[in-house]
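Here come two complexes built around chain A, the first alongside chain B, the second alongside chain C.
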Partner chain A sequence: MKESFFRSMTWMHTWVGLLVCWLLYLIFFAGTISFFRDEVTLWNQPALHQIATPSNRIQIQREQIVAGYDYLKNTAPDSNRWGVYLPSEREPQLNYAYEKPRPEGKRFGGWQDHYINPVTGQDVDQPRETQGGNFFYRLHFDLHYLDTRTARWIVCLASLFMLVALISGVVIHKRIFKDMFSFRSNKGSRSWLDGHNVSSVLALPFHIMITYTGLITLIFMLFPYPAMTAYDNGVRGLFDDVQPTNVRTKSNPEKASLAPIEHVLDQVYTNWPDADLTQVTIRDPNKASATITVRANTGSLVQDQSPTMLFNGVDGSLIAKTNQEFSASETVFDSMTALHTGRLANPLLRWLYFLCGIAGCVMIASGCIMWAKRIRERMKKQQTASFGLKLVEGLNLATLMGLPLATCAFFIANRLLPITTAERADKEILAFFLAWLAVALFALFKRGKRQWIQLAWLNCAACFSVPLINAITTEGNLISYLINGQWALFSFDLICLVCAALFIVQVKKLRTATSKTAPVKRSSRSPKKQLEEQKA
Partner chain B sequence: MNELLQFSLCLLAFNCFALAKFNHYRDVFKNRPTKKQSQRFIIAAWISILLSLVLSVAQNNGYGALLFCGYMALSLLILMIFYSFKASWVKIMSAVNITVLMLSGLFLSVF
Partner chain C sequence: MHTQPIENSQPLMERAKLSQFYQTHKYRFAVFSRFLAAILGGYVFTAVFTSLLSIILPLKKSDAVLLSISLTILVYSCVFIWVFAIKSLKRIWITILLTTTACALCIAILKDWL
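Take a look at the complex of A and B:
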């Protein structure tokens, strides 16, 4: 143990942060993109770009549901599940989907989507197969290739470390308010420390909130024991009790005709006269165990659980409905989940979430760079770098420069892969990980300033090529998006260009730093002569 | 317009907090602030920041507090850029901030 409280806190802040910083960077990076999950998915599906949200969106929802119900009755009478997904402000398309036949031994056969332009009522071409923003959303807590449960435990541990690092960071930052607006540029590691402090302090409430609520969202996985004590089937039983609309009736293959959807909708609109419905799903249609679930938007409430009604699909009677008023513990859990996901935030708040997410990425990145930089500065001239330092520098380069490049590779693959490619969505994800692996291998051999510059150029080219390839391969481009008011697509392309510009700034800064130190290293002048020059 | 008013109040508050500090005040006005001036800046900052919080929560219900956190982050970022790189522009920025604040307040009170 170190000799003083302050020193031990500094020690803890350094090591707790350094141990998980690369994983945290991935979590923050993917989470920040996930705030625009629907917009990213929209960008990845050019077939849906021309669809606009209808001005009378809520008024026409009833007609859309009835039409979808009839369509699914005629198209997929034997399917296990139907879904009518209504247009929202962020997802303008209307989707009538049904589950495809389940392969042997599988619990789900995948959705067959049928997209419709809600303004014209015409069918839309089948969009390309892609995970879009959902990939980043799942990557944020499932880490893709890992087993879901293991990945979530790892993410939770990293979050716990982050929370400890945040609190210890506040404790050790003595001049937290004095230095709030200070950033001293071109001062070596002092500038990195300022950057780390500023990015931490400017979004400190957000960082603490997002880390803490992140842990809370997975609290029942981390701490299932109270639920296991109180319910026979543990957490499942707790959720069934708290959310009666989640209860699933056992599938009954006996044939039975479905209740008229108008009867169900009459009940919905009697209970919620001004409801903004989001989806209607039918489980086991045309069977005796059929159920109809209707979900509505939560509006501006800080609530993650959407208001839901569950109906018997055969006689149309109401089986269950979400509680109007939550208990105190339900409110705390649900509002914390809502705060973390920001799913129903308005565009302004979504952008602010995004800004704070970027601040988080900068905070983590500056922290891990600073550690390596300080060790390098303390080293003597002839001293060789230790394995630990090389590892940290390699991981810094691979993660900080690799992730943006991998993200660009994902979007470029989305535009360049042939539409008929088998398992296309998986190939896009493969492109992401291959690009990242390539950078990691590159960092394994060399990780000096030259490599940072090379990767910054590569990232700049990749960021620039995303909107360029989009303009070449689709009908839209940055200017047309601006003229047509397609703000989600415009913002996406603009952010890519801004990132490209930032990578140019990075190259410039790295070169300035190189050229400042270079003459000193190469200098053959005597120290005496140098001293005289300095005096002069 | 509501959001603009809330953000302007938040920005003003942090600007006042910054100007209450000796080094930032000197960077902008080229002289040292008196104790009374610093105190006035701090009082103005607290009033402004509380007003911004109250308006955010009142207008946006549950998400108001979050929005306020976002305003704080954005305000700090803007002020950090100005005070660190363009301290001479702080006067202009402050004038624009107060003008926007008054215009948005006026707009909301009239319409």
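Take a look at the complex of A and C:
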């Protein structure tokens, strides 16, 4: 649209990026935390902290399933659904769950969980009600307060903009290799540009992969058309074709006795002798339409669809089994979802995912700060800031400094809210949004360098208080986690402390920048960094 | 002598105003139109194009659909960038409309909808 291709792309990169950068920041921030979803959930449930993973975890799975089956038979014979959720490497507890009676007009009544310590076989106290890491996971594509569908369309549009900005970013980047190694600090917007380049280029394959595959996870909402054209019943037809275990039998309320679980398990272990099972779910138990679904872990395969077997619940015969021989197209499609969710990752790879996610946050944050900084630098002495500039500066402060504070508020609320509070999980989330709202209101009045410093101090205090409050209110603390080798909890607390330290660095940076440059208000290098780190 | 007929000057002024409004906001209209072409035009084109792809690819039905679906985002982002790379707005709109119609027509013929 401009005179040259290069200038068109620069123009597009700037505006497409600026339009959605704050939303993208939220998505990347919450998404990065979600890589440690199970670990965050564990941190949020101190009742489960004492559970250790038995060394013969896989060998005892069979006994656990049989015991769970018996327990559910005796406890909830009339429930619509049962589930036996086995401990994994990341989730230590064994869970026998059944669906609570459905309220009028609802399609699902919610799970009644019953947690068991797999080592001792004893019941565990019901953990506090919390969303844990699941909150951040849902937040990064459902945006919490919005209607799910609307939110997902907005997220998709933002992701498309992101992808386009990434591609055009590469195009306009003339010295992509050289810039990978150049960072000129304390040079105003030049430093910000360097920061933007370094964080983008170093993790570029990750950024493109995560954005593309993210869109792919929502593709059936975004582009159902190919499936609709090829299949008479659209997306459902495709699913039935690709996933044989997806068949839905009509509910039949007639009573029928359940098949012995031993019979089912014999077939499972004949097919998969060394299987690491994750869950056994029973639909319509004790009814004529009963089905039993057994799922196994995909392990470190780049595959999203877990190996599944579907059994008839009355006679125990195998109805369907996932096809483990993928065709080329299936592999391409399925591996994209697997790459996005990162469930395949071992701890080291998971940390790499996390670091790349942080690089993404830095990239987005430095991009939006740079825009504001450049406009400020171009302004003449007496010129007043335009509405647009003020808006961008306000959103920058509110988002970049508000999200880490909100995250801390969420975790602090988890520890401080009384266990018996009604709708406790919702109140934790409310704390998250209230903290964010407070920062946004603050940013409404002033957006200067001093405000950045104040909020950095506040964030520092909040980050520091998370492990502190944890140590006071629960039995464990940073040192006991280290001694007992509880690495998930240890890393969580450690990251909070690292973030607190980074916020102090930010304050220092902001101060030195104040004395050197003209009294123009703006932030310095670290805000984004810290923010991101926060997420663990 | 130089007086214009009064009944004529009113519409003329209106038109002048309109054209002045257009002139001052010309750039905004152009940007808006371009974003519309990129987001909406790109979406419709991608939808129709990949739908066509899903029925003409010489693969098993489910494979053809999965492959076309995997390509949607690539197509969409390429169209998006193309819209911003081309100078003439008219050319963009005409190209999008023509190709979309052509693809839709092919689908209709292949699926016997006509």
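Keep in mind that, in the parts below, the second predicted complex is superposed on the first by the 514 of 536 C-alpha atoms of A that agree within 3 Å, B and C clash if a C-alpha of one lies under 4 Å from a C-alpha of the other, contacts with A are read in each partner's own complex, and residues count from 1 in each chain.
What we mean here is this: a contact is a pair of C-beta atoms (placed from the backbone, for glycine too) under 8 Å apart; a residue touches a chain by one contact, two chains touch by 3 or more.
Just so it is clear, the structure is predicted and the values come from calculations on it, not from any experiment.
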Which superposed partner A:Phe183 touches (first chain B, second chain C, both, neither): first
First, second, both or neither for A:Leu348, with chain B first and chain C second: first
First (chain B), second (chain C), both or neither touched by A:Val201: first
Partner chain in contact with A:Ala359 - chain B first, chain C second, else both or neither: first
Which of chain B and chain C A:Ala328 touches, first, second, both or neither: second
Partner chain in contact with A:Ile33 - chain B first, chain C second, else both or neither: neither
Chain B versus chain C as contact partner of A:Met209, first or second or both or neither: first
First (chain B), second (chain C), both or neither touched by A:Met9: second
Touched partner set for A:Ala456, first chain B, second chain C, both or neither: neither
Overlap of chain C and chain B interfaces on chain A (superposed complexes): none
In the complex with chain B, residue positions of chain A that touch it: 177-178, 180-185, 198, 201-203, 205-206, 209, 300-303, 335, 338-339, 342, 345-346, 348-349, 351-353, 355-356, 359
For the chain C and chain A complex, residues of the former touching the latter: 30, 34, 39, 46-48, 50-55, 59-70, 72-74, 76-77, 80-81, 84-87, 107, 111
Chain A residues touching chain C - in the complex, by the definition given at the top: 1, 5, 8-9, 11-12, 157, 160, 163-164, 167-168, 212, 215-216, 219-220, 222-223, 225-231, 238, 241-242, 327-330, 332-333, 336
Chain A partner contacts - residues on chain B that touch it in the complex: 3, 14, 17-18, 21, 24, 60-63, 66-67, 69-74, 76-77, 79-80, 83-85
